[in-house]
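The letters A, B, C, D, E and F name the chains in turn, as written, and every chain counts its residues from 1.
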Amino acid sequence: MNPIAEYVICALLLLGGVFTLVGAIGLARLPDFFTRLHGPTKATTLGVGAIMLSSVIFFSTRNEGIGISEILITVFLFMTAPVSANILAKAAMHLRVKSSDNTRGQPWEQ
Amino acid sequence: LMLIFWELTSLVSFLLISFWTHKQDARRGARMALAVTGGGGLALFAGILLIGHIVGSYELDDVLAAGDLIKAHALYPVALTLVLLGAFTKSAQFPFHFWLPHAMQAPTPVSAYLHSATMVKAGIFLMARLYPALAGTEQWFYMVSFTGMATLLLGAYVAMFKHDLKGLLAYSTVSHLGLITLLFGMGTKLAAVAGVFHVINHATFKASLFMAAGIIDHETGTRDMRRINGLWRFMPHTATLAMVAASSMAGVPLLNGFLSKEMFFAESLQLNLPGLWAWLPPVVATLAGIFAVAYSARFIHDVFFNGKPVDLPIYPPHEPPRYMKIPVEILVFACVMVGIFPAFSVGPLLYAAASATLGGDVPDYHLSVTHGFNLPLLMSFMAFFGGLLMYSQRQRFFDFHARFREIDEKAVFEAVVSRITAWAHALTGRIENGSLQRYALLLVVSIVAVAAAPLFDLGLFVGSRGLTPVDWPTGLAAAALMLCALATARFHRDRFYALILLSVVGLIVALAFARFSAPDLAMTQLSVEVVTIVLLMLSLYYMPSWTPLATSTPKRIRDIVIALVAGTGMTLVTLAMLTQPFTSISEFFLANSKTGGGGTNVVNVILVDFRGFDTLGEITVLAIAALGIYAMLKDTALTPPPGDGMGHAWSRDAYPVLLRQIARPMLPLALMVSVYIFLRGHNQPGGGFIAGLITSVALLLQYIASGMVWTQDRVPFKYHNVIGLGLLFAVIAGAGSLAFGYPFLTSSFGYITWPVVGKFEVASAMIFDLGVYLTVIGATLLALVSIGRLSPHSAIKSRREDV
Amino acid sequence: MLDRLRFPQPWLSLILFITWQLLSDQVSAGSLVLGFVLAWAIPQMTGGFWPERPAFIKSWRMPGYLLRVLTDIVVASFQVARLIVSGRQPRPAFVSYPLQLEHPLAISILASTISLTPGTVSADISDDNKTLLVHALDAETDQEVIDAIRTRYEKPLLEMFQ
Amino acid sequence: MELVFALVIGTLTSAGVYLLLRARTFPVVVGLTLISYGVNLFLFGTGRLATGAEPVLRHGATYTDPIPQALVLTAIVIGFAMTAFVVVLSLRNLADNDDDHVDGHQSAPTTEVEHNREIPGQ
Amino acid sequence: MNHWLTAPILIPLLGGILQVFMGYAPLSLRRTLALTTTVLMLVAAVVLLVLANDGSYRFYAFGNWQPPFGIVLVLDRLAALMLILTAILGLFCHLFAVGGADAGNRQFHALFLFQLMGLNIAFLTGDLFNLFVAFEVLLIASYGLLMHGGGTARTVPGLHYVVLNLVGSAVFLISVGMIYSVTGTLNMADLALKVPQITGENLSIVKAGGMMLLVVFALKAAIIPLCFWLPKAYARATAPVAALFAVMTKVGIYAILRVYLLVFGDDAGALANLGMDWLFPLALVTLAMGVIGALGADNLKTLVAWQVIISVGTLLAPVALGSVAGTSAALFYLLSTTWTVAGLFLVADLIASQRGSAADKIVTAPIMRHRTFLSVLFLIGAVAAVGLPPLGGFFAKLLILQSVSPGPEMAWLWSSILIGSFFSVIAYSRAGSIVFWRTVEGHINEPPTLGGSVSVAAGALVAQSLVLVVLAGPVSSYTDATAAQLHNPAGYLQALGTPMVTEDN
Amino acid sequence: MITTVLYITTGMVTLAALLNVYRLFRGPDAPDRILALDTLYINAIALIILLGLILDTRLYLPSALLIAVMGFVGTVAMAKYLKRGSVIE
């Protein structure tokens, strides 16, 4: 395992961990549902993407062929995250979940 | 064998009595008769079994020979009581006498044959046959004779006051049976002979009286003695016959009745009972004689003389046709013959019967018209005059008798039966009250109770393997799982919230499977998890969205306690089990998976090869469940609540754009993934189940995103056929080996090398897995789409074509 | 007849082919052949499920677009992370974004990109596919959000789909 | 590790049994699912816990017992079929008797017990 | 290794699959195909009976894997007995169903055949987990069949039946888990070898597992206190289904016989005769409860349903005492009571169809059509059920009473059986006389005519009690041999030595 | 060096998962809970990949892939129930 790969993997892992944690913190502390929606769609998805990348490098540099099926997982995540965010937002608006007071503009009536 | 005919007679009598079905009391009488005689039969059944057990065989002569062995045996008293119970109920002894009079409802020929001559005598016959085996002991004497005495007195007394002709005859039969039983009870050989003799005599005169009563009934249309008077003028011939028979019943000299009654009186004197008791049998005998004479006198006088007949349904009565009287004449003639020439006429018959009863040694007895002037003769004269006296004062006796409320045994019996049934109905109603809560509680409590003992002495036990340390992520995950499980129980009233918590629990369970080296399980659990979520969401639509509080607090505390006990039990067992050393048959599978099964994923090879039959059963369960669900929902109409119970109506927009667009590419991609997982299943985690579930979920997404009708048009096949095809493939994969003489489900595999592609494996297990794949898809989709079709919108449109 | 045998949805088959290589972890002769067969077979079966197929004109520009989106996602994540960590109260806003794209797939791609990229989530699409409701996490003025989306994402998509 | 595993199974069983004894079909179904999770984990545990010992043959590896894994896989699928049936049956029960009581007194008038029903969720 | 062993499983499976495909074929075609499948199954059962009658064990290793690793089918006398019992019962129930009860659900015949398949697997399998799978197959099929037929009456009892059995299945898994965690094997013959050698704490684990397994089988066999779901469920099921269910409780008893004589039998060391001391009193209480229930029944089907529970009690008492004669008597009674009860369910349904609105309620009602024919059937059935001579029921009870040796058990057993019969005489005679004789003038709207197949099926099942009397000799000698075979499991252990099919032979 | 980093990352992701569970419990409305559940699914993917890395095996990758596909469909079903009620119609 050559040193450069090791460092890259560690960096990606830490990056992934931090982002996942930040996404979760966002989810926990942000005031209303709609603001919380941003956390997972971006931070968590990127965090998991980083961990996926580290896994690709980890397995590819172990001289037994390349390990790239993780990429597919990331592709699926990037495809589905916005859709689930959208349908969740629609559901929240339907249930008239109140957004925090300093929000400019109003959600649409469902 | 005898027992079978015994029961048969009680059965036949039941049917015959109830011959006149429309009459309500005929039915009741019949049922009562069946119940009493049936019950007695069962007791006899037990008695005979006991005797058979003691003697070791059921042959009659062995039993008779082993008389003293039986009497000495510890079980003798029990056996005797049971046998006697059978005899007494059959021959209507006190206290089981009440059914006989009510059996009188049966039509005349039946009652004549059944209730006077044979069936009722069966009890006596039984005592006679088993006399040598059972008689002679103290217990026999007391039970038989006292019952006999009681029946004798009671029968005679009640007969007196019966206004119905047949009622009188019936009770007189009861009384005479009592007399015979008493004779057998006395224990002396001579008494037994007397008993047999009276059996013969009673049969003759009682049968003729019954037929006479039948004739009177036939001629006058009634049997009420108060209305039948002075028939002498109308049918002198029948009258004379009846009077002779009646006087024989009363024990008038020169008739057979007198002889056996005289022997009875003689025997009652011989009984050497200690002290004061010595006088009891003769007094009883005479008293019974008095009553007998009384009711015989009533039978003669009240019917044939005593003034004019009162509003008879058929008037004027006249002599019955010739053929009806012949049997009566024969019988009466027999009475007279036996009365006058006893030794000549009935001697040999009596001797044969007696020897059968006494097992050979018949005492010398002397049959003659009279035995000269002696005490028995005196007793019969006293009985004669006493009876006439009593009859003349009958009016006072009637008033005296009228004071007792006339108890109708039938009503009592019916009341008892209906009270029992009402009580039974109430009891079952209370226990089996149709509450699942209670049944589930009973089941859980029994399981806990049964497992408590062994687990209690297991206690908190850690086996020799000891505990391994916990890494804190696993610990945290376990804590989260426990928290969510308890939260599900706590918040189960908010149904949606409970389902989310349930999905979290499911997810962590899947992670646990992955954590403890079970990739196949993790994937299966995840896929099933999601399909279950979709299933629950589909059904939650129709359910109220929260559960009102239904059980009272003490009950909930009780349930909590039971749940905790069950939980601790499981924890104890798991802890003990996990830490005990373990050897299992798994080495075989690890060794033979590649060589024998042709795959490196041992779990998959076990599923499709080593234990393929389990999987065949399993996919059949899936198929049946889907068919059952389809059948259950086929024509069920369910109207969903307008909103989600929290005040929001359902929104109109069913298919958001973004979801529809994403669903388009997802299907081919998901299919690719499921093909990938299917093909690698044999060597890497994967296989038919998981691939099938992925394809089902992909198709479900189409149903969710674009609706039932849109998707249904694009699905070319019917799910029933997919299930059928799946099962067929599985069976073919298994049956293929039969052709080569190998057992069902034997797999074979080989490697094929193609120019470009190189070497790849072809296994029969692959076809089996394909069967699994298709069945899973067919079953999952048939089930969930059937629920989908319930919704009002799709229900209408899809009436046209069925899934 | 022949062309039906060819590729009804060429792009989809290509994606599927690449997916198969990704799935089987190594690009071997076997995976290529099987990938090709599957990439051809599956679209045949699932053709019906994708009715209104877009007519790509300039599809070669798609990779460039994806690369831009990826870089923006990374940048956005840092921005959002900084916001969450600072604990500052965000200034959220609902912005109605007038769409110029017509094709539902194009609109979906735009909406997904918006959700994935900095500070914005596409909350809803109007029934007439004319406007897009965007929720911005922390934006001074609505116009700022609209302009950013217009220039960075809608323009390239318009070129591709027009 | 074994203690935690045992406690998890115990908790799942307790929660499941409590819900099983409730008076409505929905909690009963949820209870049954929780119990089946507990049972599947228990059956899985009979092969003793092992980390990284996947029963997929590769040279130089120790393997855990594959039998319980096969049994649990079968149990999960059968459990799914049964859960699906009982859910649909409770739907059918709703359609036939339009209430999901299971404690004997079908849709009794709201007894005083039900008046103080809690506000769900909180 | 005789392929016939798989016949009772493959025939209904293939028949069922055929039915699944032919969901939309004309009804008459489907009926003939379904009936031919049941007839073929009967033929297979007869062949196996002849094979098993030579007293030897036959084994069939699926997938050609050496037991205890693969799953093995075991054919002995007991299995053959149960197979023939189910095959005959299945044929007549099917004949009755074809008379009209199978309408309303295209998949009725598929479910019916899968139910028979599940039963046959349960009787033949020699593997404990495969027994669980067999139970699941026959349970899920019975759920589907129980809900068959229109109307809303059977949903609630159906729900009770399903939920309770789900709990039962969960506990079954736990027991298998407990036993496997110690013995490390699932094959019953292997278990019989390993159970005696268990020591220390493992003993209490396996004991707990064994006892819980007994509770599961007790739930299946409907022993008190786990029997209260049965009356409403069976009374409300459609007639042929209820008749077929008469054998469902017997599966529980078969399982007790098979597992508890083989694995926890006399020579099971510390775990010998596990739970049998509990079973005897429970059996008698079940009998008493059945009688009370029968007395309190307000319609014929409920009366017959409680009769099922009475026969369970009567059947289990001699089994619990564990003597060879007891087991043999129990098996004889099992044959007689299963067919009789099934016949009574069918007769009750015929009566119900002829009495218009009064159906089979024990109340006064206008005279029904075909009264004489139906009353004769009911009479024979009732006499056989109660055990009055001269029918089969009597001989069975006679054998049971004789099988027990003097002592306290004998007193208890005799009194409960005899008193039970006494009260059931009252119950049946009361029901019969009210239903058939207590009639009132009145008109029943057009009662359907009695179909040929329907009355033949009901008649045949009831008539078997006569047949059993005639064949009492050979049948009781067969059951004696079965009981003897069961009580020395040495033969069963040869399963572990089943020869594998190799290239040469 | 990698192993220590792996443990740190696993710790962080586990903490993230716990925060999600916290939000799931507290979440005032149902959409919050589904969002928490969906994020939990994504965290689970991360955990599985990390497990694969720790154990140095690729056997768990398909499980992670499965969660990605399945988690999405589960979330969609729940959200659609909240909004539309009937998931399939």
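By our rule, a contact is a pair of C-beta atoms (placed from the backbone, for glycine too) under 8 Å apart; a residue touches a chain by one contact, two chains touch by 3 or more.
Since we're looking at a predicted model, the values are computed, not measured.
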#### Entry: Other chains in touch with both chain A and chain F
B
### Common touching chains of chain E and chain D
B
### Message
Going by the touch criterion at the top, tell me which pair is linked by more C-beta contacts: B-C or A-B.
### Response
B-C
### Taking each chain's C-alpha mean as its centre, the one farthest from chain E
C
### Query
Of the other chains, whose C-alpha centre is the longest way from the centre of chain B?
C
### Task
Determine the chain that sits nearest the middle of the structure, using the mean of its CA atoms as its centre.
E
### Message
From the mean C-alpha coordinate of chain B to that of chain D, what's the distance rounded to whole Å?
### Response
36
### Message
What's the distance between the Cα centroids of chain A and chain E, rounded to whole Å?
### Response
58
### Summary
Separation of the C-alpha centres, chain C versus chain D, in whole Å, is 40
### Overlap residues in chain E, where contacts from two or more other chains coincide
129, 133, 136, 140, 143, 147, 156, 159-160, 163, 167, 174, 177-178, 180-181
#### Entry: For chain D, residues that touch 2 or more chains besides their own
20, 28, 40, 42, 45-46, 51-52, 54, 56, 67, 74, 78, 81-82, 85, 89-90, 92, 96, 102
### Task
Could you check chain A for residues that touch two or more other chains and list them?
18, 25, 37, 39, 45, 67, 69, 72, 76, 79-83, 86-87, 90, 94-95, 110
### Summary
Every touching pair of chains is listed here as A-B, A-C, A-F, B-C, B-D, B-E, B-F, D-E, D-F
#### Entry: Footprint of chain B on chain C - complex, ascending
12, 15-16, 19-20, 23-24, 28-30, 33-34, 38, 42-43, 45-46, 48-50, 104-105, 107-108, 111-112, 122, 125, 127, 129
### Query
In their complex, what parts of chain A are in touch with chain B?
76, 79-80, 82-83, 86-87, 90, 94-96, 110
### Message
Applying the document's contact rule, which stretches of chain B touch chain C when the two form their complex?
### Response
653, 656-658, 660-665, 667-669, 671-673, 675-676, 702, 711, 714, 756-758, 760
### Contact set on chain C toward chain A in their complex
19, 21-23, 25-26, 73-74, 76-77, 80-81, 84-85, 87, 89-96, 111-112, 114-116, 118-119, 121-126, 133, 135, 137, 142
### Partner chain B, residues of chain E touching it in the complex
1, 3, 6, 10, 13-14, 16-17, 20-21, 23, 60-65, 68-71, 105-108, 110-111, 114, 117-118, 121, 129-130, 133-134, 136-137, 140-141, 143-144, 147-148, 156-157, 159-160, 163-164, 167-168, 171, 174, 177-178, 180-182, 184-185, 190, 201-205, 207-208, 211-212, 214-215, 218-219, 225-226, 228-229, 231-232, 275, 278, 289, 292-298, 306, 383, 388-390, 394, 398, 401-402, 406, 414, 418, 421-423, 425-427, 429-430, 433, 436-439, 501
